[in-house]
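Both of the next two complexes hold chain A, though its partner changes from chain B to chain C.
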Partner chain A sequence: MSKLPAKIVKVDYLARVEGEGGLFIRVKDNEVKDVKFRIFEPPRFFEAFMRGRDYSEAPDITARICGICPVAYQMSSSQAMEDAFGVQVDGQLRTLRRLLYCGEWIESHALHVYMLHAPDFLGYEDAIQIASKYPEIVKRGLEIKKIGNELMTIVGGREIHPINPRVGGFHRTPLERELKPMIEKLKWALNASLETVKWTSTFNFPDFEYDYEFVSLRHPEEYPITGGRLVSNKGLDISVQDYEKHFQEIHFEHANALHSEHIGVGPYHVGPLARYSLNFDKLSSKTQKAAREAGLGKQCFNPFKSIIVRSVELAYACEESIRIIEQYKRPEKSFIEIKPKQGTGYGCTEAPRGILYHRYRLANDGTILEAKIVPPTSQNQKTIETDLYHFVKKNISLPEDKLTWQCEQAVRNYDPCISCATHFLKLEIEHE
Partner chain B sequence: MKKKAKPKLAVWKFSSCDGCQLSILDCEDELLAVADAVHIANFPEASRAVVKGPYDISLVEGSITTPHDAERIHGIRRQSKLLISIGACATAGGIQALKNFCDVKEFISAVYASPEYIHTLSKSTPISDHVKVDFELRGCPVDKYQLVEVLNAFLNGRKPNTPHYSVCIECKRRGVVCRMVAHDQICLGPVTQAGCNALCPSYDRGCFGCFGPKETPNTSSIAEYWSKKGISNRDLIRTFRGINAYAKEFRLESESHE
Partner chain C sequence: MSSTQTKSNPPKLLVIGVGNEFRNDDSVGINIARRLRKLNISAIQIIEDTGDGAKLIEKWKDQDVVVVVDAASSGSEPGMIYRFDAVKQKMPTNFFNYSSHNFSVAEAVEMSRTLNQLPKRLVVYGIEGKDFAQGNSVTSPVKKAAEYVIDLIVEEFRTKHSSVHHSH
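This part shows the complex of A and B:
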């Protein structure tokens, strides 16, 4: 039998992801020998230097882990602190947090769908190239993104590293008249997002599915964003407090980020695909209909179709924001007074890229003694490598440049955030 | 007449959260115009396409934290006509400079199960500690309008119009009621460089210094004022030791309360 030449797929610096990473895949005798999704973003040591800081500083400090999803960090850390102090933030304050988070979903999903992921499907190197041919499409994406940013600015003070959220609520709650003008804009964005669902559903998707364990939050009444229990399609159903009993992080030499696994089970998948597949019933009828018309079932196992699912979530977040603003009454107090006490607190919310878990151990006066943060990308890292392994195995005969590009795309399916994961990535494929 | 080639712009990343370069993509209204005015030659967060240097303008985000990056920045300097560092990470070491005050070896073993895989320098330092920087734009994140102003200025060969006075001036201009005087809150506004339009005070909280020290800040006088009001040394240290902990004036002030 004649041997196929060995190949190496190597991407030194993965583009259109947040942070620094690469890919390395080695194929020999028609077999995938090695797959490494490498993270070379330098470690930033948040968990270490948070020790000794005050609990109240956690939202401002942890926001700086990621410029694309700072709200996720602010919300998970605040929740963890509130959990430790036995404080419940509910009513309009909780809803306002959901609204701010919707702004982040809109901004982040629009950025990923239009600027980072769509170019792969259309064969362009970036959105600016798309704009030279289809300016209206790129402008639509930018306009949706802008509306998400405006929402974040009103509720959070600014779009990157909002300054308004605090443990217990907000420094200042928006006036009704500050929020109401957003309704008209969001209605436009909702329609534009529904158009986005239609547009992305026309792309060519590689025929690739995998039997993932999807993990996401699940809430009795809501599509999950700010809370719920942790569930999976393989029978997991636990409280956030029990997260570390079921998931652990492992450190490999090729990445400055930790890999998570479901203890005794293996890699798992977090993010839009997981949320959607576990919570389809909680979407609005309008977004369910849009998803069906785009050819999606109640669950989706093709990671390349995450772009459609993200667009569905984009529409959902616009709709939800409208609903929240329409019924918004400014709460009397902008935050709940905190009395620090010794203890441990847990928080988990749905960042645009998936569940973000925080745990803090606190001293009597609210000083942080220990911090643990598990971002979505480190949870997905092993799953990304698993995808690459199976994808390359299936497509081994593709020409090298095409295979390389599709491998990059397979990584971008996850909208990986390398800065988050190192508190992440690099592809090289080696055909020996 | 021959058409002038568009200036080549590169965006580089070191240790950071990507927030400052995201500010470029957040200029939704200006983005396509910027892409028209310059040739985006290297911007991996936004594009797969890479055009070789030299570059007319390099925007550098992030701080230097690894031996490899300490080397890499010199190569970037050599390829860049103008080098502009953006954000608190690039201009002051960033939030990750909080490690500069601690024992890094102990840090590594606190975060990573196999510390031997990690290569890091003991300090997180600004770009200007390593190479000549033509302009520093402050903020965590940088203000996108200031960023557009800086690019515009350099493309047109003029000096950027960014203020060096304090956040207090912005408060006065906006008519924001002072958090310190009226609410007895700690506010770093008097010693922090303007640029955010007094954002935090307008949201009912004190400034925490994300734009770094203003020109010639009197940090000891404000620290003394707070001490007299009963603020503890622990709180003084953590106030000055935030997003811009390693900026000289804030660092010295925090150290003087240890």
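This part shows the complex of A and C:
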């Protein structure tokens, strides 16, 4: 046995350390003077890592930015490369990408709704406390998540950081018989998700609405996941290629992550609330009905109700997965042949937390000369601050512990991403 | 599990190395899993994991003996080794509220306990890390601790294996 390098003691806690963020609110004379949502950990190094790499490496490298939404990175980067090379991935290959993405939505939304957001509404410290009182509910959430993982494994090759997607399609497409057994499981998950919508609709929601500019993709036929035009409820309607003509990133001293803004307009809101409010008509009749019964209108401006919207999207992703698998016929070729050429390509898809934009400038041989990646959390960062400012202003008379709790909850409405942006949230309220 | 069943079905032994291989000292769990795999102990299943708590619960719930290795960050001396007999001991989870969208090893253990989904035996090792920045190098005290923990794990199975056969 090796020499003992240090004594063995009991641990106070074991923690993953993947990034840090915090929240700072300054209040003077009962007035909110300053709100800073700080992100100490940006994913920007990845843009530098990408320079000099081959185009084909982009999906695998950028997927490492996030353990929760790797498919989003793979899809946005692949589409950007295909855009640069003038390649269209359509038919069953495109649908298969949508299926993989549904797996990621199911996994991510189930985790957020059940494990991370629900405790806020039920007045519990964490999901473990929910489990002690309502074990069947927590088991339901874990089971839905597991089904999302299984879908990711079958289509993506493994459940985290899938290895199967590539520029042009997949390394290998699944056989029909590999996918079919998922239908029964997804039918269960669909029902469980509809129950989730009912369950979350019974929570008490703070009376808080804000006139956001919602930004999401919009597709003529589909609820947006893998593509479409970029639209907003304030009149924006542009192609993905024009993203940077309308949105810019600004650096603020208090956060390493860049803040995005709609040029000339200000902060904007991406994610489930934006997708839902701009694409209600593209949901299935079953999920529209569930949303209405949950008390949601065609648009939702209360960020705390994002938990119901996520549950509606959870049900949609299950239903859409069933539809895709029932119609799936294994394509003859698993990918479209790529011939690199010089140029610039753009890609944007709907990560669970909102639009994820990629742009790459490529040399003749497909070497990456420049990369730009804008994750949802940095786009929402300014909006989160705006929410907090107005929320604290409205609720300044709440006892500090309750205000703190609700501010954390207000941030969790957005589910800011650990690996994309931040891990720990430390709240600090300073009274002058 | 009855002793008759145990004779026909060997106990399920699992080692889970948790971590992020691109985060310097956070890769220690993954590295230990890879080193153990090279020892070719056929009776033990060895997997690597990013530490998503929900997945950990799934992975260990039907196992007999599980050892989890993860990096720790508690502010103590780098290379410090923590050992939990998680079936007997409660794991402190006082940082759970601050996690914005994941739950990790400690929460997964407590969630499993609450849902009656713990394996028969679960040992969690934590190795205090120093450098969690992006990269793939491990600091010297963590490397030394990893060597020691590998020995501890092998020893763990050697001595406790029989208890799995006869304890139920």
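Heads up, the rule we're going with is that the second predicted complex is superposed on the first by the 402 of 432 C-alpha atoms of A that agree within 3 Å, B and C clash if a C-alpha of one lies under 4 Å from a C-alpha of the other, contacts with A are read in each partner's own complex, and residues count from 1 in each chain.
Going forward, contacts are C-beta pairs under 8 Å (C-beta built on N, C-alpha and C of every residue); 3 or more make two chains touch, one makes a residue touch a chain.
Keep in mind it's a predicted model, so treat the numbers as computed, not measured.
In the superposed model, A:Leu142 makes contact with both chain B and chain C.
Judged by the touch definition given at the top, the superposed model places A:Ile128 against both chain B and chain C. With both structures placed on the common chain, the touch criterion links A:Glu261 to neither chain B nor chain C.
In the superposition on chain A, A:Val411 makes contact with chain C only, not with chain B.
In the superposition on chain A, A:Glu350 makes contact with neither chain B nor chain C. By the touch criterion defined above, A:Arg158 reaches chain B but does not reach chain C. Of the two partner chains placed by superposition, only chain B is touched by A:His171; chain C is not.
By the document's definition of touching, of the two partners only chain B reaches A:Ile61; chain C does not.
Contact with chain B, but none with chain C, is seen for A:Ala48 once the two complexes are overlaid on the shared chain.
Overlaid on A, the two complexes show chain B and chain C touching the same residues of chain A, namely 13-18, 45, 64, 67-68, 111, 115-116, 125-128, 131, 135, 138-139, 142, 145-146, 149, 159-161, 408, 423. On the chain A side of its complex with chain B, the touching residues are 13-20, 41-49, 51, 53-54, 57, 60-61, 64-68, 70, 111, 115-116, 119, 125-129, 131, 135, 138-139, 142-143, 145-146, 149, 157-161, 163-164, 166, 171-172, 249-253, 256, 258, 334, 408, 419, 423.
Across the interface of their complex, chain A is touched by residues 20, 22-23, 26, 50-55, 57-58, 70-74, 76-77, 79-84, 89, 91-107, 110-111, 114-115, 124, 126, 128-129, 132, 134, 141, 144-145, 147-148, 151, 155 of chain C.
Residues 13-23, 25-26, 28-29, 31-32, 35, 40, 44-49, 65-66, 69, 94-96, 98-99, 102, 104, 106-108, 110-114, 117-118, 120, 140-141, 196, 199-200, 203-205, 208, 210, 235, 238, 242-243 of chain B are the ones touching chain A in the complex. The part of chain A that touches chain C in the complex is made up of residues 1-18, 21, 45, 64, 67-68, 111-112, 115-116, 125-128, 131-132, 135, 138-139, 142, 145-146, 149, 159-161, 408, 411-412, 415-418, 422-426.
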